[in-house]
Amino acid sequence: MTVKVAINGFGTIGKRVAEAVLKQDDMELVGVTKTRPDYLAKAASLRGLLYVPEEKLQDFEKSGIEVAGTLDELLRKVDVVVDATPGGIGKEYKKVYEKYGVKAIFQGGEKHEVAGFSFSTLCNYEEAHGKQYARVVSCNTTGLLRVLCTLHKEIGIEKVRATIVRRGADPHETKRGPINAIVPNPVTLPSHHGIDVRTVLDIDIATTAVVVPTTIMHLHVLNIVLKENVSKEKILEALEAAPRILVIPSEFSGIKDTAKIIEMARDMGRKRYDLNELAVFEESISVNGKELFLMQAVHQESIVVPENIDAIRALATNVSKEESIRKTDSTLGLVK
Amino acid sequence: MTVKVAINGFGTIGKRVAEAVLKQDDMELVGVTKTRPDYLAKAASLRGLLYVPEEKLQDFEKSGIEVAGTLDELLRKVDVVVDATPGGIGKEYKKVYEKYGVKAIFQGGEKHEVAGFSFSTLCNYEEAHGKQYARVVSCNTTGLLRVLCTLHKEIGIEKVRATIVRRGADPHETKRGPINAIVPNPVTLPSHHGIDVRTVLDIDIATTAVVVPTTIMHLHVLNIVLKENVSKEKILEALEAAPRILVIPSEFSGIKDTAKIIEMARDMGRKRYDLNELAVFEESISVNGKELFLMQAVHQESIVVPENIDAIRALATNVSKEESIRKTDSTLGLVK
Amino acid sequence: MTVKVAINGFGTIGKRVAEAVLKQDDMELVGVTKTRPDYLAKAASLRGLLYVPEEKLQDFEKSGIEVAGTLDELLRKVDVVVDATPGGIGKEYKKVYEKYGVKAIFQGGEKHEVAGFSFSTLCNYEEAHGKQYARVVSCNTTGLLRVLCTLHKEIGIEKVRATIVRRGADPHETKRGPINAIVPNPVTLPSHHGIDVRTVLDIDIATTAVVVPTTIMHLHVLNIVLKENVSKEKILEALEAAPRILVIPSEFSGIKDTAKIIEMARDMGRKRYDLNELAVFEESISVNGKELFLMQAVHQESIVVPENIDAIRALATNVSKEESIRKTDSTLGLVK
Amino acid sequence: MTVKVAINGFGTIGKRVAEAVLKQDDMELVGVTKTRPDYLAKAASLRGLLYVPEEKLQDFEKSGIEVAGTLDELLRKVDVVVDATPGGIGKEYKKVYEKYGVKAIFQGGEKHEVAGFSFSTLCNYEEAHGKQYARVVSCNTTGLLRVLCTLHKEIGIEKVRATIVRRGADPHETKRGPINAIVPNPVTLPSHHGIDVRTVLDIDIATTAVVVPTTIMHLHVLNIVLKENVSKEKILEALEAAPRILVIPSEFSGIKDTAKIIEMARDMGRKRYDLNELAVFEESISVNGKELFLMQAVHQESIVVPENIDAIRALATNVSKEESIRKTDSTLGLVK
């Protein structure tokens, strides 16, 4: 039995999740919704996958791009909808999803309360079974949780202080800045990222964040106090054993910044240079007693894709966590 | 019979040409040379393709990456070497190539005189037959010549004035700027790009160039006076009929800048988001009597790859121009 | 007799014009209007110069910043208002200015039709005498006209083709991009800048423009066909003799980009590093027969300030052009 | 009695210190040294202040810029030399300074060992009295120490964890990147900045640093554990009472990023928009028990200027710390 899936909102996140769904043998992509008739809409149309909100039907008719139906018609046909509309819009759509009785997965731009349950595979996959709604936490929170849940389980975390250096815009968003500034975001501390982590993992965490003029990746500086003294080897071992964490080895010492990580993803032939894995700089891992420092880079456009696929399974099937990770990661070609 | 090919210099250009050679059924990639033991070297080593300059043997030994031989050994085994070393280094290597009697293809960072013959497929493929050396002109010159040779042949060009807005660095080059400036480059006018065009196509051309803080593409503003009055339709027809020119249609009106072109290449699944095609904005084409304006974007990292493949054929085989373009473009998956 | 002046809109342009008015012995700054209670409002308030739109009175009361009156009260007291509100807002205010019978000077963000007369000192100062309204053309158009009117008068211009490489945002505008792209703006050619030039100077001109990720200056590449053959010396002489054009000498060959020009303005002690002068790179001036190339840099935030001061005089007094230029330039400390 | 001062290295730091020396009634600027004949050299020459290394005499002769003498001649005439040559060069010059028996002040680009004493006014002014050499710590370390020495004295510091988000290049350095990346610098943690702090203040501190594509300011995120519970008011009070710390008030809530801080410095009429003060965002100050978070911005080009002036006094006179701060800050026009 395959899970029938719809994607509402076919932008940065939506188009990636849609392609990932197509690769799962236990899922069927029934349709995606677009609001603008562009080349992506045309591509979806050619595969019979294009649905649009009713009020947009006319725009698409004018453009000559054929539509398979309306969003409402799409929702009638599916088990799960992945909502990848812009932050705050998902909340509005929840009523529609409720009406059709479909399970829904929201993204990090929505508040925790919209779904009532925040999801991150390595932390709480099992708790999602049977739920009607889940929110896949944001790219930054997903990046933090991959490491934090891993280390918390393996070693135990006492306290986390982290600084998030955020990309200003996604690569295609040419209207957003900053061009030449460092922008505290938020300027009131600590930032919401720590609070977001705590919707999933109950630890002492405080975060701060700035936005800088780059488009390709976020970078996190983590300062973690563990429950016990550890060695760098132990940390390395834990991170290397965990799924979806790519430790960038020191021996390839050329890979020392976010641009070089992306170059590596390009060389690996990743579509759109997506790096679903969190990238941890091995060289940055530094341990002193219980205290750990490390730096990690997050490919904001793609890191949440595996978690979205897992969330579909967790909500709509009884596939186990290990099995879901295995299926997701092998179909997406993740390294490990 | 297949042409045996070596790539000397396995960086931005070299790694792309190497992969393109692997896709040709009439060529064999015998080896590539690297000077630093990084992950690309490791990948080449695993396929038995890694050769290194003699003086680097020790570095590689230390790193544990296995080497198939030295550059000299490699040159003994091949018919053609593609020199993709940094600008100015190719000149030094010419003596070595001469020593082994291999044909050599240089890149745009070398002076015209190094090869004595500058190459651009659409302009002068046939003239290359039988030559010992050729220089594939730079990314900017290649971009200019694709349009200029096409229009010169179809309509006739009287005069070209062009401004080149250049990317400051390739994406992975994080040490190069500028961060916040527009840099005339050169500040003395006209720039060398027009002179470079004239090593291939003898027309009245003068160019100017500035460098700006972006990494993804160059953008050219062309102002062309044609030999006769034309319509926009005629120009469009000529450009759309030409190989390796991608006219970005106005109807997909979202694609209005270099970042959106790259996003399109990412969505198309191009490896490393390479766009071997020159991208011309349809909306920018504007005709008034004999005068034509247009804007085009050049993906600096990949635009010269097809020309390198053609140059190998032109020097080492008697495959015709049309046949070479067909083979190159279909194996590289170019749109048209 | 002094001209009583109000500034409506105390942002990037307004604050500079206000300070320039304060330096004129034939003008009195009666007040400025602000819409937000920030530190600039506080400074204006302390000098008794702060007026606000009626609907904003409450906001200012809450903030504790004392207000001298409403915009309407201010307009009653003045002869001339300089409208430096954001583009398109000036048009709305015109009715208010009409109501109070004050002369008004608009900025380049307004359409020519709003004032019915577009102004640029070196081109048409005299024509402004007695007019009720004038529009000081935009920063880019002002930069173009300084050179074009100078050369047209001295030598005669047959044709101009220019490419404008624009800054993406002013330095303080951290929400605007692009971060990493070159954006044709507009993508349909030619751009409006040439049309804007023609509201002042009737010549054959066509322009193209792109926006790039920098905040400090615009850069123009000019390709001019003159009415007769000229020498580089003749061009240099004409430009050096003209007011408000600063030829950056080749001997100070370090100043080769927009950042170095700004560094020079900083070293000169210019407030806010303003460069009211147009900066022409001497090295870029290149002449071939009747054809001239040159590159010039425009400090977008400040270049229109002298023209605004002259426009006040032209509208409200019968001071001659030469006298106005002399007064404006000496009070602003312009070099020449 | 006035202290006779030379500045060796008239670049970003040197030109600012020279101008600051000129404003001190107890100091005399005898000369500055330049290695390139540019407009700054010309300006210094016109005031009779230009000295050059002997081997550069010819370059200057050719350029027609008159020279007052050689570096050696200059050193014979002075009591103190401020070495503001590029990092690492000062070490070489130490032998020359020794030869002439002049006291010398080095900058943060030199190692602590070069001077054997690292200086920061608020921390250890008194200890400098009578010393032959001092090193004014780097811009980042100076920024950290202003806050840390203040809070350590007022409240007591137990531990500091700080992340430094660094500008990639100074505004005029158009060859340096990155253009579009976040660069861990260093990638091995913790960074040297904490170690540098400890050359002056012996506390438990660990720092991390990344470089980003901006030119105007560094930004620090500080996480401090104090010796006792404090209130936000207490912190504010301490910072507001300290010299050279500018708390950006929340009520001027528009100033929320580094670009807006610079805009404020421009509006204040600071030459070159220099902000000798450390800028702390009031809104960012957050206290929880003993734990304090705050964000502060450092104007890298100018923050060390007051400390250089104080260092001259500390080494060459017996003026007290309070008196030196008072003189320095009032002559430089610092706010407080």
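Letters A, B, C and D mark the chains as written, and numbering starts fresh at 1 in each.
One rule holds for everything that comes next: a contact is a pair of C-beta atoms (placed from the backbone, for glycine too) under 8 Å apart; a residue touches a chain by one contact, two chains touch by 3 or more.
Since this is a predicted model, take the numbers as computed values, not measurements.
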Pair joined by more contacting C-beta pairs (A-B or B-C): B-C
Contact-pair overlap exceeding half with B-D, pair selected from A-D, A-C or C-D: A-C
Distance from chain C to chain A - Cα centre to Cα centre, in angstrom: 47
Between chain C and chain B, distance of the C-alpha-averaged centres to the nearest whole Å: 42
Chain A and chain B: spacing of chain centres that average the CA atoms, whole Å: 36
Two or more partner chains touched - positions in chain C: 171, 173-174, 178-181, 183, 213-216, 257, 259-260
Contact graph of the chains (line, ring, star, complete, other): complete
List of chain C residues in touch with chain B within their complex: 161, 163, 165, 178, 180-184, 187-190, 206, 208, 210, 212-219, 221, 223, 256-260, 281, 283-286, 288, 291, 293-295, 297
Touching residues on chain D, where the partner in the complex is chain C: 15, 36, 38-40, 43, 63, 171-174, 179-180, 215-216, 251-252, 254-255, 257, 259-260, 262-264, 266-267, 269, 271-273
Chain C residues touching chain A - in the complex, by the definition given at the top: 168-169, 171, 173-181, 183, 213-215
